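Scroll down for the structure; my scribbles are underneath it.
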Amino acid sequence: MNNQKLLEVQDLVIEFTTDKGKVRAVDGISFSLNNSETLGIVGESGCGKTVTALSLLKLIPSPPGKIIQGHILYQGKDIVSKSESAMRHFRGKEISMIFQEPMTSLNPVFTIGNQMIDVIRQHTHASKKEAKERAIKMLERIRIPNPERRIDEYPHQMSGGMRQRIMIAMALSCNPKILVADEPTTALDVTVQAQVMAQISELQKKFNTAVILVTHDLGVIAETCTNVLVMYCGKIVERADVSTLFESPRHPYTRGLLTSIPRIREKKLEKLPTIEGTVPDLLHLPVGCRYADRCERVRDHCRLEEPPLEKKDDKTEVACFYPY
Amino acid sequence: MDTFIYSLRKFFQSIPLIFGVTLISFVLMVYFGPDKTYDLLGKNPTQQQIEEVHHQLGYDQPFLTRYFIFFKEIITFDFGYSDSTGEKVSSIFARTIPVSLAVQLPILISGNIISIILALIAAYFRGKMIDKSVMFVAVIGMSVSYLIIVILFQIIFCSSYGLNIFPVQGWEVESFTSYLKYVTVPVLASVFLSIGYNTRFYRAVIVEEITKDHVRTARAFGTHPLKLLFKNILKNSLIPIMTRIIITLPFIIIAGSIVLESYFSIPGIGLVLYDAILTGDLPIIKAAVTWTAMIYVLSLILTDIMYTVVDPRVTLK
Amino acid sequence: MQNLLEVKNLKKYFPVKSGFLRRVRHHLKAVDGVSFVIQKAKTLGLVGESGCGKTSLGRTILRLMEATAGEILFEGINIVHLSRKHMNKKRRDMQIIFQDPYGSLNPRMTICEIIREPLDTHNIGSKEEKSKRILDLLDVVHLRRNVLNRYPHEFSGGQRQRIGIARALALHPKFIVADEPVSALDVSVQSQVLNLISELQKKFGISFLFISHDLAVVQHISHDVAVMYLGKIVEKTSTENLYKNPKHPYTQSLLLAIPVADPKQKPQRIILEGDAPSSWAPPPGCPFHPRCPEAKEICREVIPELKNVGTAENEHWVSCHLY
Amino acid sequence: MNEVIQNSTNKQTHTYGESLWSKALRKLRKDTIGIVAFFVVLIYLGIAVGVCLGFFGSSWDRFVTDGYSGMSRQHIFGTNLNGQDIFERALYGTKTAFQIGFIVAIVATFLGGILGAVAGFFSGKIPDVLITWFYGVIDSIPFYLFVAALAVALADNPYAMHIAMISTFWTSTCRIIRGEVIKIKHLEYIEAARAIGVSYTKIIFKHIIPNTIHILLVQSTILFVTAIKSEVILSFLNLGVKEGVSWGLMLAEAAQEVPAGNFNNFIAASGFMLILVLAFNTFSDALQDALDPKKVS
């Protein structure tokens, strides 16, 4: 294996047209992904993490969205310039994606077998029979009981957790190199969430897939990811490997996020630590650092110039003039 | 078996509906309807004669009794005789409905197929120029009156001021070629109109389906857009599409052809109704209203059963 | 009197119709014999997964849904059979905060109208007093005073939730049902709203029934916690007991299932198989037995009773055959 | 993606409040085609008002020539077989159209709105069962036959057509409003109002109806157009306008004249009607787009 990255995103800018003007949902982000790595992208709603995920497959609804700048290099080749028909052979085969809502993500009027076979036959020359066998094998692998029978069932006959697991099986049925998972467990109950996350990790090992996990849940990140990007208002504010990030977060936002999440503690706190204020409106972003208004370390300089994402030590990159 | 029990229950549930339709037609056409006494009697009838005829026609009976007599006529399909021609209503219907079907079925089929295809195209390219053009044509189709289109198409295709390639009107059908000769222009006119409303409706249905999550999933797995459109999306949108087609069916067959058939002198049920409306021939209108309601109820049951075929989530419970 | 609210054997069944004549064949037991007590100025956290009946329970207590059976004693008075008129008077004391910050505010009313509605309904104060009260309420929930003439769609989720809280506080209630008030919010905003709720409790001595699916959220806010599974309470004790020493296998697995935001601490967890069965067809015996790692023969047949396994002073109620 | 947009529009960007109505108006102003259509409708309205005030169209029934005459300076669209000025008649027809459209749209929308709100609010209970039964019955009777039957019953009442349209057109509005009210009823702000103790009447009038008015507005524009179009067919069937002249009556006349090659009546009536209906439909679409935030286009 040469030193080439599996996926490299360079200076990506994605703009949405709203009735009040143009909004940059993703504003000049760069990151890369190695083989069989698990990269977490974490942030609050509206930070651009889902748009980033969708852009990797060129699935951004257009209009209103548009990639206006930057490159997404998959094995060295740019996919931003790829045609829609070329993307068709790419999606599901090279990069696959699963979504937040297992209840609506499968087509209700076709059996899950039918849908799985469609995906397999889209990317291989398998006959219907072969595809079906492969689908059954996939269901066995994710330990769905009675796969021969269940393959002829419809999505509504299954629970949310099972549907999400089938989505994962479908996504991985053509051995893609990358699986993009957009909030895969947010809509599920905690006990089911654990099943689904375990499933993803297990299949990832088996197929040697790289995973990009988009979530707002730092707990899920801590348990599954190797590297983490923290996004705020369309920008990456911090990038580090997972243990560094959780042990010594450098950006004030990351730190605030880590302390403010409700978690089970030994002792009840009198008052939960919080990040004050709200996320700024993307239409009226402040000059300078976008986090300045909520930041406890803010100085005059922060309001004049936007901090670039820079290496602060050999483990962390932070976009902050005065990091911890 | 489930289907049978379900249909039976549905049928019982629709009894109030039939009841309501007959009640309204009774009130409008019989209770407040014209007094036939003077038609039956000559000039200057005596008071006694009038009362006698009133009694014979049942006018002196109370409201409910008269309604039940009317209701009995209807459920036994005994609509009597046409006021103007004296022909049995049921035989008029038997003679004219096939003609109407011969005109309306091509309209229904081609109109819907064209609309669905246009709607798929427009929905797929939504926001683009193709979509806008299709929708513009559809709005024009919606805005033109049936009467205008019928007159216009007749001028264009059937008159010496236009192409003059089809007969102006009439229905002398002996062979398939002569059938085509008489049916083409009426069908073209109606299809043009039906495209207006249908395309808009179908496009809205399909666009709603296209924006659903499962379509995004299919795209994320690389499904071909045409397969997406014709397999996934079309089947999902089939319920509202079919409902629309089936529910409009009885109205199209029995009443939708009034303007068309009268204008082109096609001897179908529409022409009969046109004459009946102009002359106030109640037995015919009464029969048409009741029949439509009956078929309507059956269509409703049919659509429910069709749902279970199309959508596995729907059960007849 | 210490007990503000006492719920005794409360049931809420939804009839399920089927068959040719659409007769009621069986019932969906959303809430099936729930009892608990909430004391003055205390919070009971109610935890459970989706479909366990926790939302129905909250609505039934406020009589937004009618109870099928059981008693709801509010300040010692059973409110289950109160007439509409009397109940409406009681509503001054019992309020609710909703989950969905988008659906819980009428989009065509200004913030001022929304907060004033309870005052108008119960004819509290003169015009000036009302205006003053509304401004006070905005201060209490930390919203700027200039928001009054704006509309809900102009606010973020967290701000809307504060507006909803202000509306609930307008009548100075003694008891508030908070139905998943933070689960639709972003993490950084969640703690703001949680802090606000604890602050209000201290300031006004309000009792809360705090409904959530998130055990981590419940810990901060509650004095006691009840865990619900398929319409029944399976464990109920003080917050300290529950988190230090969970007894019911369901509670244990719930606690272990929460992802920990610490990569060094690799979790030792029992992954429960399957999803929670629906209340349409609850399993016989203990409702949890199909997923329980410690299920025994008896669990399949006999429904366990809720019993106190702690002491009389430090109660710890569990319904499990293991104890 | 949606969250981005929502976030960006939800934040406090104004120092004043923008209600959903002013938001819709702002959207509508940006819709050039919709605005053009609106002005076309306004021009027609101006004509209708002008006819009412007697500025023009008053000589629609005067016989100005001996029978048919072609286009000329005096008679822009010529005269019909009776020698009446076609342009005057078309102008007068505008008034008739607006009169029918307004009466039918307003009354039918009002009726449908009220009945729909009641049925939706009491869904599953007796008022709902009765109302749904009633519109089910009306919907299963073919419209033209219903009008014919009503015409028989009302004998020569000049408003028979209006009554017939109103008594059939309210059902679509009723159906839509009922569905919408059932949806709104389950929203949390209604529950919040109930938790406060707000009375049923207040809930209906303060919370439910204001949230359906935008639908009523769109519905009334649709009914307006439907009424104008139905009038044409009914006049052709001799069930329509009894007093004055309408585009429908002109088209019925034209149907007799066209075979002889006299197109003026046809062109005038259909042109007047097509432009108005087209404009109204376009405006109605624009209105719908502006008022419905969820509409996908």
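Chains here go by letter, A, B, C and D, matching the order in which they are written, and residues are numbered from 1 within each.
Keep in mind that, in the parts below, a contact is a pair of C-beta atoms (placed from the backbone, for glycine too) under 8 Å apart; a residue touches a chain by one contact, two chains touch by 3 or more.
Quick caveat, the model's predicted, so the values are computed rather than measured.
With centres taken as mean CA coordinates, the chain nearest to the overall protein centre is D. Placing every chain at the mean of its C-alpha atoms, the farthest one from chain C is found to be B. Looking at A-B and A-C, the interface holding more C-beta pairs in contact is that of A-C.
Rounded to whole angstrom units, the spacing between the C-alpha centres of chain A and chain B is 53. Mean C-alpha position of chain C lies 48 Å from that of chain D. Inter-chain spacing, taken between the CA centroids of chain A and chain C, is 32 Å. Residue positions of chain B touching 2 or more other chains: 127. Those residues of chain C in touch with two or more other chains are numbered 156, 159. Multi-chain contact residues of chain D (touching two or more other chains) are listed as 7, 9, 11-13. Chain contact summary for the complex, chain B toward chain A: residues 127, 212-225, 227, 232, 235-236, 310-313.
By the touch criterion stated above, chain A contacts chain C in their complex at residues 44-45, 159-162, 189-195, 197-198, 216-223, 242-243, 246, 256-258, 260-265, 268-269, 271-276, 278-279.
Partner chain B is touched in their complex by these residues of chain D: 133-134, 136-146, 148-150, 152-154, 225, 229, 232-233, 236-239, 248, 251-252, 254-255, 258-259, 261, 263, 266, 270, 273-274, 277-278, 281-282, 285, 296-297. Here chain A touches chain B in the complex through residues 57, 59, 63, 84, 87-93, 96-97, 99, 101, 104-110, 115, 118-119, 122-123, 154, 156, 167, 170-171, going by the rule given at the top. Only residues 59, 62, 64, 87-89, 91-92, 94-96, 98-100, 103-110, 117-118, 121-122, 146-147, 149-151, 153-156, 159, 164, 167, 171 of chain C touch chain D when the two sit together in their complex.
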